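Chains here go by letter, A, B, C and D, matching the order in which they are written, and residues are numbered from 1 within each.
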Amino acid sequence: MAVAAFHPSVSQAALLEFLLRIGDNALILGHRVSEWCGHSPALEEDIALSNTALDLIGQTQLWLGLAGEVEGKGRSADDLAYLRDGFDFRNILLVERPNADFGKTLMRQFLFDAWHYLLLRALRDSSDKRIADIAEKAFKEVSYHLDRSRDLVIRLGDGTTESHRRMQEALEDHWPYTGEMFLADGFDAELAEAGVIPAPESLKAGWEEIISEALLEATLKKPADGYMHKGGRRGVHTEYLGFILSEMQFLQRAYPGATW
Amino acid sequence: MAVAAFHPSVSQAALLEFLLRIGDNALILGHRVSEWCGHSPALEEDIALSNTALDLIGQTQLWLGLAGEVEGKGRSADDLAYLRDGFDFRNILLVERPNADFGKTLMRQFLFDAWHYLLLRALRDSSDKRIADIAEKAFKEVSYHLDRSRDLVIRLGDGTTESHRRMQEALEDHWPYTGEMFLADGFDAELAEAGVIPAPESLKAGWEEIISEALLEATLKKPADGYMHKGGRRGVHTEYLGFILSEMQFLQRAYPGATW
Amino acid sequence: MDQQERAFQERIDAGQKIEPKEWMPEGYRKTLVRQISQHAHSEIVGQLPEGNWITRAPTLERKAILLAKVQDEAGHGLYLYCAAETLGISRDQMYEQLHSGKAKYSSIFNYPTLTWADIGTVGWLVDGAAIMNQVPLQRCSYGPYARAMVRICKEESFHQRQGYDALMRMVKGTPAQKAMVQDALNRWWWPALMMFGPSDDASVHSAQSMAWKIKQNSNDELRQKFVDQTVPQAKYLGLTIPDPDLKWNEEKGGYDFGEPDWEEFFNVIAGNGPCNAERLNARKKAWEDGAWFRDGLSAHAEKAAARRASSKIAAE
Amino acid sequence: MDQQERAFQERIDAGQKIEPKEWMPEGYRKTLVRQISQHAHSEIVGQLPEGNWITRAPTLERKAILLAKVQDEAGHGLYLYCAAETLGISRDQMYEQLHSGKAKYSSIFNYPTLTWADIGTVGWLVDGAAIMNQVPLQRCSYGPYARAMVRICKEESFHQRQGYDALMRMVKGTPAQKAMVQDALNRWWWPALMMFGPSDDASVHSAQSMAWKIKQNSNDELRQKFVDQTVPQAKYLGLTIPDPDLKWNEEKGGYDFGEPDWEEFFNVIAGNGPCNAERLNARKKAWEDGAWFRDGLSAHAEKAAARRASSKIAAE
């Protein structure tokens, strides 16, 4: 396969890295969300969660498909999803954290959706048209994800004492994993400079606004600034990812080369 | 590799089947027990469980090693453990059942140990010397496993109301999975006829005696005779096995041909 | 039969639809509640065996298809619970009957999905048998149920084709893949045939349900139709139906086939299927673990209503 | 210093061992309790990162070796809790201190084990550093601790060799395996160096512990020794130590090396390591979930004792 054309003013390495990061976020969060299938607290939630997972897997196909093109080694989205080991995954740590109770799942989703929404909104204006096109489609889906997760966080935060307690605990548990969304390295700087992506830190104020407004309405207390975990974006993950992959990749690993 | 000699009067197929059944029981139960490592209710239990798992994995090496020899296709114990899919596994369903709480883990162990003990005791007199030799070694280990699991079942059955309740529930949960131990098919009949193994049903009276005596002392009520699940011995498992294997086999599947 | 009942039966005989607020015999209502709620429960429990493979689907495309399918099933559950609710039972009451074991769900979901081929096979055979059962229900005398069925049948046909397509891909693949499909067929064939229920002689509610047009065909009729439709599909896949008695009967223009193991059928119904405990426990656990969530939403709704009321008063 | 204290110090200076029932200064007792219990907790928590790979060990042999190692560690925990108990604290009290966060365990166990190479690397570097810390403790002035250390050091050396052996196998394997080992070294090198604690200037308890022969070498001395021992081993494996400042210093007959990131060190101690929450929660959950088990055993022991007592009375 010929090496695909990429944005003329940025390095292939930077573009590939970005596409893996955004694609792996969708893949791994989609996996986590899909674990709820049939086990959620209400039928409407089963439907909504399957729908969210489905959107995220669809986005994965697009982002990793483009990543494979940019890489130019003939790897498909499936090859990238199913045949890389953990250290080659580039998702942030937040999305691989366990589902735990439904409150933790929802809070993880809300914290992620708010960022994902802003990121995709900006990516619609990417100087790389292929990225802008995918972002356009994904943005519509994720706008809906955000409406939904924000609404539920508000209702449960301002629900019973018990639902409030669980949502506050969920918020505190996940909070130290939100800082990674806004980290930038040389790849990010290069792509932001060329207008391919927004600078990660430029999304922070908007994110804090969405979060703060929702938490206020939810009567939840925003955690104090503190230590933030990182590592996923450079392939240093939590111990959870290995288990996700051993399950996800079983068939492709056990029956190499088979088509399904 | 030359085809290894096997017991002159029995078919290779029957012998292989038996060795996979006994080897897979040890492997899968060893896996389940090892999941407790560092998570058990007392330090002494952590030690005892690691020890039990270690014995079972050691026995797996011997049984599956011999299975590979009998098969004569050059497959090692590791090949058999790591490169078969679920439908080729021959363990009984009981050993793949989830650990759940510590009471269920102990009860599963006791129900299995009592049978394993009797089986190995008889196999020491197998007309196939290779089997008799492995059984001799394993019998010593399993005698100790049985002493331990029986003792704990008695103490927890006759402990607090809560520990009694949990052990009774564990007993009832696992009971429908004990019938498979005593099933016989054509392979068993052939091997029993040749004195290679005891007839499965011949172990039943002894097993019931061990169980009944312990339950009496434990103040637990033996469940009524009822429906018994089966399938593992012919490769039809529960949904749990697939997850066990995806985890267990990850490295061998992801890095084919690597030596460790 | 009193006059009201006679008039009711005449409407049914004339092919009219019965609608929620209209008078109906208590037996009609009860039969429908039992049947629709059982059907709804089946959709919900049916998420579990297929959901079991979502995280292990072999490609992103197959994962997406499976997710969409399971989502559709939850949606079917939703329509059906709504249809049942028009008969005066609440969804929570129906759940309670499911969790207590009073209400049943289709026994087919008490079988495990052991390989990826099972997912295709469930689509092909289980959805196939379900459609066979459900197509006549589009003409059921009870309006809300009939209309729900129209939508459900359309989606189920799509699922069936997707299942068949997944198997087609596998049988054209490696020998290991083809063997996996044959193994799945071996395990699912008889349970699928049993989905039509015991032979009509043994079936309790059939005659009255037929008169009420809640049921339109006999179990044996539908089973025969299913076999006749499925055997050629299996041949096309290059698979062997695990029934030594199966053979074409020129005279009747259909296949003769063996008798399912009804002892197994009644055992599974009695709770002794391979996964009865797992399925029911999974649903009960989902319900119990989710209580705080549902309570939280209710509490919020009450607060919000109170706020709206007081701001309305303040504005007046 | 009063006479009793002086006599105590003289015995220590003379190289005598202090035994449980003998008089000792309160500070000596407290320091030992803190150190031994922290050491015991480290063994227990240390089961978790390695236990994380038992179910995924790549061969039966490696699985058995890892199981045996983790079992040994639990055994070390047991000796050490016993040694601490001789100083008048119960095991349950020590657990409570662990669970409440009052007592610490070695920060190294707050790092994740991400690949199989991490298991070998933990054996090589973490057990290696632990041995370096522990060998002098075999000559510690407190008898029970010193004797526990003799046994522990022997087993740890064995573990270290096994870890090194596992890595040797991998670096001789495929390029992917070798890369996995280098990646593991990159992640574990600095945390291993930090196992010796901050530079002695920054260390609080050192001087008194040295006088009491609870501690025998300075942190920096041991760290230097560890680096000097480990660098050639890394070279033999064909690996690169991730420290651009590392170079041989002919004059001092040892390696010069860079400064670990002490901010990270203090962050991990403060609870912000990658796995602090997971490790502590795992231990707390094990303890809480196991309460019924421990209560059951106690209740049985009481019943059994009562039965023995009453049958003894009956026999009299």
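Simple rule for what comes next: contacts are C-beta pairs under 8 Å (C-beta built on N, C-alpha and C of every residue); 3 or more make two chains touch, one makes a residue touch a chain.
Model, not experiment: these values are computed from the prediction.
Looking at B-C and A-C side by side, the one with more C-beta contacts is A-C.
Each chain gets a centre from the mean of its Cα atoms; the one farthest from the centre of subunit A is B. Look at where the CA atoms of subunit A average out and do the same for subunit C: the two points lie 35 Å apart. Subunit C and subunit D have Cα centroids separated by 57 Å. Taking each chain's centre as the average of its CA atoms, subunit A and subunit B sit 42 Å apart. In subunit A, the residues touching two or more other chains are 85, 242, 246-247, 250. Residue positions 56 of subunit D are each in touch with at least two other chains. Chain contacts in this assembly follow no simple pattern; the graph is neither a line, a ring, a star nor complete. Interface note: chains touch in the pairs A-B, A-C, A-D, B-C, B-D. Subunit B makes touch with subunit D in their complex at residues 27, 31, 34-35, 37-47, 50-51, 53-54, 57-58, 60-61, 64, 77-78, 81-82, 101-103, 154-156, 158-160, 162-164, 166, 244, 247-248, 250-252, 255, 257-260. Contact residues on subunit A toward subunit D in their complex (touch as defined above): 85-87, 173, 176, 226-227, 229, 231, 236-239, 241-242, 246. On subunit D, the positions that touch subunit A within their shared complex are 49, 52, 56, 112-115, 180, 183, 187, 267, 270, 272, 274-275, 277-278.
By the touch criterion stated above, subunit C contacts subunit A in their complex at residues 44, 47-48, 51, 54-64, 67-68, 70-71, 74-75, 77-78, 81, 91, 116, 166, 169-170, 173-174, 176-177, 282, 285-287, 289-301, 303. Only residues 85, 242-243, 245-247, 249-250, 253-254, 256 of subunit A touch subunit B when the two sit together in their complex.
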